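In the two assemblies presented below, chain A is common to both, partnered first by chain B and then by chain C.
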Partner chain A sequence: MRRAGLALVVALILAMPFVAGDYYVTLMLPFFAYSVILLGLNLLFGYTGLLSFGHALFIGVGAYAAAFLTSKFGVMHLEAILLAAAGAAVLIAAPIGGLCVRYVKIYFAMLTLAFGMLFHSFLLKFYFVTGGDEGMRVLQPFLLGFDLSQIPKVRFLTRPFYYYSVVVLAVATFVMWRIVSSPFGLCLRAIRDNPDKAQSLGVSVKRYRWYAFVISAAYAAVGGALLGPTTGQVDPNLAYWTHSGNIVFMMLLGGFANFFGPLVGALVFIFLQDTVMSIVPYWRLVFGAILALIVIAAPGGLMGLLDRRAVSWGEKSRQGGAPP
Partner chain B sequence: MGAAGVMLSVDRLNVYIQASHILRDVSLAVGPREVVCLVGRNGAGKTTTLRSILGYLAPQSGTIRFLGRDIAGRRPFEIAQQGLGFAPEDSAIFADLTVAENVEISTWTRKTSRTAEERLALAYAVFPALTRYRARKGTQLSGGERKMLSIARALALDPTMLLLDEPFEGLSPAIIPEIGQSILEITTMGHAILIAESNIHHVPEYTTRLYVIERGEIVFSGPPAEVWKDEAVLRIIGGTPSWQSFR
Partner chain C sequence: MILRARGLRRYFGEFCALDGVSLEIREGEFVSVVGPNGAGKSTLINVLTGLLKPNAGRVFFKEREITGLGPVKLCRLGMARSFQLVHIFPELTVLEFLKVAVVSRLGRGGRLFSSLARDREVHGQALEVAELFGLAEKQTTPAKHLPQGDKKLLDVASAFALQPQIILLDEPTSGVSTREKHTIMDILVSASKRIGIKSIIQVEHDMDIVFGYSDRIIALHQGKLLAEGTPDAIKANEVVVNTVVGKKEWARRA
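Moving on, here comes the complex of A and B:
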């Protein structure tokens, strides 16, 4: 049943460029990018129990890596860009994560927020490097070595880049699935549940939290690098704390207790934002109300509502026992 | 018992929690294949002793040696990886993990000469009842099942020694012999066991040595039979000498 549902979703995604209008097809591109980001964020929150409010930092690292490489260094191969983005994120996340994972809950969230804001300020103030407020251009990358600049931009985005993003998301999903179903994933869930007890089973809590942090940062950067080519431009808002808030919202909207929940959240967020923005100018008001409704009425998110597990999750969170 | 025959030795341990002097010169030793019981009333310092051995509390002074190595001040996960298994009083089952997942974790965190399959088989062999609940979440278990799972999980670590904090606490009298029997089976596998127990009547008859702790001090140490002759100690732990005759 689950497999059939997944196959249907994959078929729909693959068929979309042929059946839907270009506008909606291009709306799917940020969905793929945010999906990659959210897979990582959920490893940290849903599986390890650490809520980062600074993950936009790593989205920014990935997006600016794409901008620097294409417009300053002439590196056009998207494969190289994605790898470089992940590598840069790992380098930056290693020391930041080392500091942050010493703390939990609100202290962890605030510390990640602080680092996010530091990076945002850096992007904004060092304008001679980063272009400041204006940001930087992201040139159209080569896909698998092919220079596709002859193709019109919209055609490039809705066909080759669309399928390229699908493949990146598929690989990212497969790798993340392997991670969460491995013994390492099991240890992360044990840590989320009871870090003290996990230690007495030989689990090095801080080290595993750190691994989760670094992996999730690499995911955020890969997603960030995928965001760049769609708009052709990156700016410091990508690293702003409200952007971190948005991805946390997507995760809650879809449901962090489910592997695919955050992806559903991203899809609904993007299409809902598009619809609401076209109807009323106060989309944030609408989204605020939705967020409040979810936390109160459906703590398991949209997937939680679908999933039978929603029942037990709801009970647990009302009793204050829901992880984390 | 000579030094060579000691698996765990705690020597003149002093532990403070904030300003309170909780453990005062606590010394105890556990040899290979021994079942040692640490008996004391609630608040006497049993759990503090175990938590200090396990690295959760840093002692002010004193030594803790396990397999000849000084482990005082080491972190809990390092101590666990050296082969000290622990089943806490509250069982601390990972609620969101299944029974099978709970048991599996430590086969990965500590590598020993036994394969993961062997270790899991041993853990389930000691508590066959758990086999039926493998797919259940930790929240769906009864108190007794949690105790069993907690001990089975510690066993899957393939420990050299097990620390059990109140393994009989809160259990129905019907299930106590079952768990007692399982603990006996564990010793036949070559593990040493240190049990903290508040109820002298729960001390298993196969216990080789007994320590009585009161207000953070060891007030008695010796074979279990001896304790029944010591009225002053019996008064502390609430045992009635006449009860012994019904055993």
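Moving on, here comes the complex of A and C:
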């Protein structure tokens, strides 16, 4: 049942460039990028119990890595760019995470927020390197060694880059699935549920939290690097704290208790934002209301609602089948 | 000698909760720590297991100094504990809960990409402990949905799953009816034999349990060692009986 659902979704995604208009196909590109980011963010929150309010920092690291490499260093291979983005994020996240995981709950959230703000100011102030609030250009990268610059931009985005992003997301999903189903993943959930107990069972709480932090930062950076080629442009807003808020919103919208929940959240967020923005100028107002509604009425997010449905359906059918 | 402590002192601000306590635990011993509320029993357990650092004094485990080592390191060396208040992982199933302990003991927590579900060894060992504690039938139940008594049992069982040499149990049967207490104590004793745990230290208020199961009793009062000795010696010790049990209570039982 679950497998069939997943297969259907994959088939739809693969068919989309041939059945949907270019506009909607390009809307899927940020969805793939945010999905990678959210897989990482949810490892940290849903599985480890740490809410980062500064993850836009690592999105920024990835996006600017793509910008620097393509427009300053002439590194055009997207594979190399993604690896470099992940590597840069690991280097930056290691010391930051080492400090942040000593704190939990609101203190952890505030510390990550603080680092996010620092990085944002850095991007603005060092304008001679980063272009300040103008940002930087991201040149069209090579995919698997192929220079596709002779293809029109829209065509590039809706075909080769689209499928490239799908593959990156598939690999990222597979790896994350392995991580959460590993002994390490179990330890993370134990830490989330009760760090004192986990520690008394010999689980190195801080060390594992740190691993989770660094992994999630690498995911954010890979997603960030994928964001660049779509717009051809990066700017400090990518690293601004409201952007951190947006991805937390996506995660809550879809439901962090479910592996795929945050991805559903990203999809709904992106398409809803697009629709609402075209109708009313105050999309934040609408989104604020939705967020409030979710927290109050559906703390498990959209996937939580689905799950509850499934449970009650299952119970009903079982009751129906059992003798009185 | 498996565990030895000398002159342990621990302050909370100005208040001295543990005031120069020394003790020795031999291999194969079942030792109960008794004392009125606030005597410092939990503080003693917390200091011995590295959760709290002592302000003074030293602790030795098998003649190796372990003062100041944290719970994770002590766990590796072969010391396990359970808490006075139930500590569970609410979202984990019974089997997953026990697997945390097994994974930790086998040093497999750092395996990021291997499949936990396919790890037969971890599965088998976790299931074995579940069976020892009569929790096997509930292995897929999330811990949060267990009745209170089973939560406590699971909490204790996970410490046993570490296969420690010494285990320190802070009121393993608190919040359980007297009849169930005996059942649980029997499970603990037989499980520790099966697993090969050498010594048990438990904090316990129920004097029937204390006298029934202990080789030796340590009585604390106001952070100080009040007395120690065999159950018979403690029963005959009027000071202990008065402070720990209360005269009236003792008369009622006699």
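Everything below uses one rule, namely that the second predicted complex is superposed on the first by the 308 of 324 C-alpha atoms of A that agree within 3 Å, B and C clash if a C-alpha of one lies under 4 Å from a C-alpha of the other, contacts with A are read in each partner's own complex, and residues count from 1 in each chain.
The rule is short, and it goes like this: contacts are C-beta pairs under 8 Å (C-beta built on N, C-alpha and C of every residue); 3 or more make two chains touch, one makes a residue touch a chain.
Fair warning: this is a prediction, and the values are worked out from it, not measured in the lab.
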Exercise for the section: Mind checking the superposed model to see whether chain B and chain C fit together on chain A or clash? Expected result: clash
Practice task
Check the residue A:Ile179 against both partner chains and state whether it touches chain B (first), chain C (second), both, or neither.
Solution key: second
Exercise for the section: May I ask you to decide whether A:Ser149 touches chain B, chain C, both, or neither, giving the answer as first, second, both or neither? Expected result: neither
Practice task
State whether A:Thr275 touches chain B only (first), chain C only (second), both chains, or neither.
Solution key: neither
Handout entry: Which of chain B and chain C A:Asp193 touches, first, second, both or neither
Key = both
Problem - Contacts of A:Leu201 with chain B and chain C, given as first, second, both or neither - result: both
Handout entry: Overlapping contact positions on chain A, where the chain C interface meets the chain B interface
Key = 183-184, 186-187, 189-190, 192-194, 196-205
Practice task
Write out the stretch or stretches of chain A touching chain B in their complex.
Solution key: 183-184, 186-187, 189-190, 192-194, 196-205, 312, 316, 321, 323
Completion exercise
As the complex stands, chain A meets chain C at residues 175, 178-179, 181-187, 189-190, 192-194, 196-205, 208, 211
Fill in the blank from the handout: Contacts from chain B onto chain A in the complex sit at residues 54, 56, 75-77, 80-81, 85-86, 88, 92, 94-97, 101, 104-110, 139, 153-154, 157
Exercise for the section: Show which residues of chain C lie in contact with chain A when the two form their complex. Expected result: 49, 51, 70-72, 75-76, 80-83, 87-92, 96-97, 99-101, 103-105, 108-117, 119, 122, 155, 158-159, 162
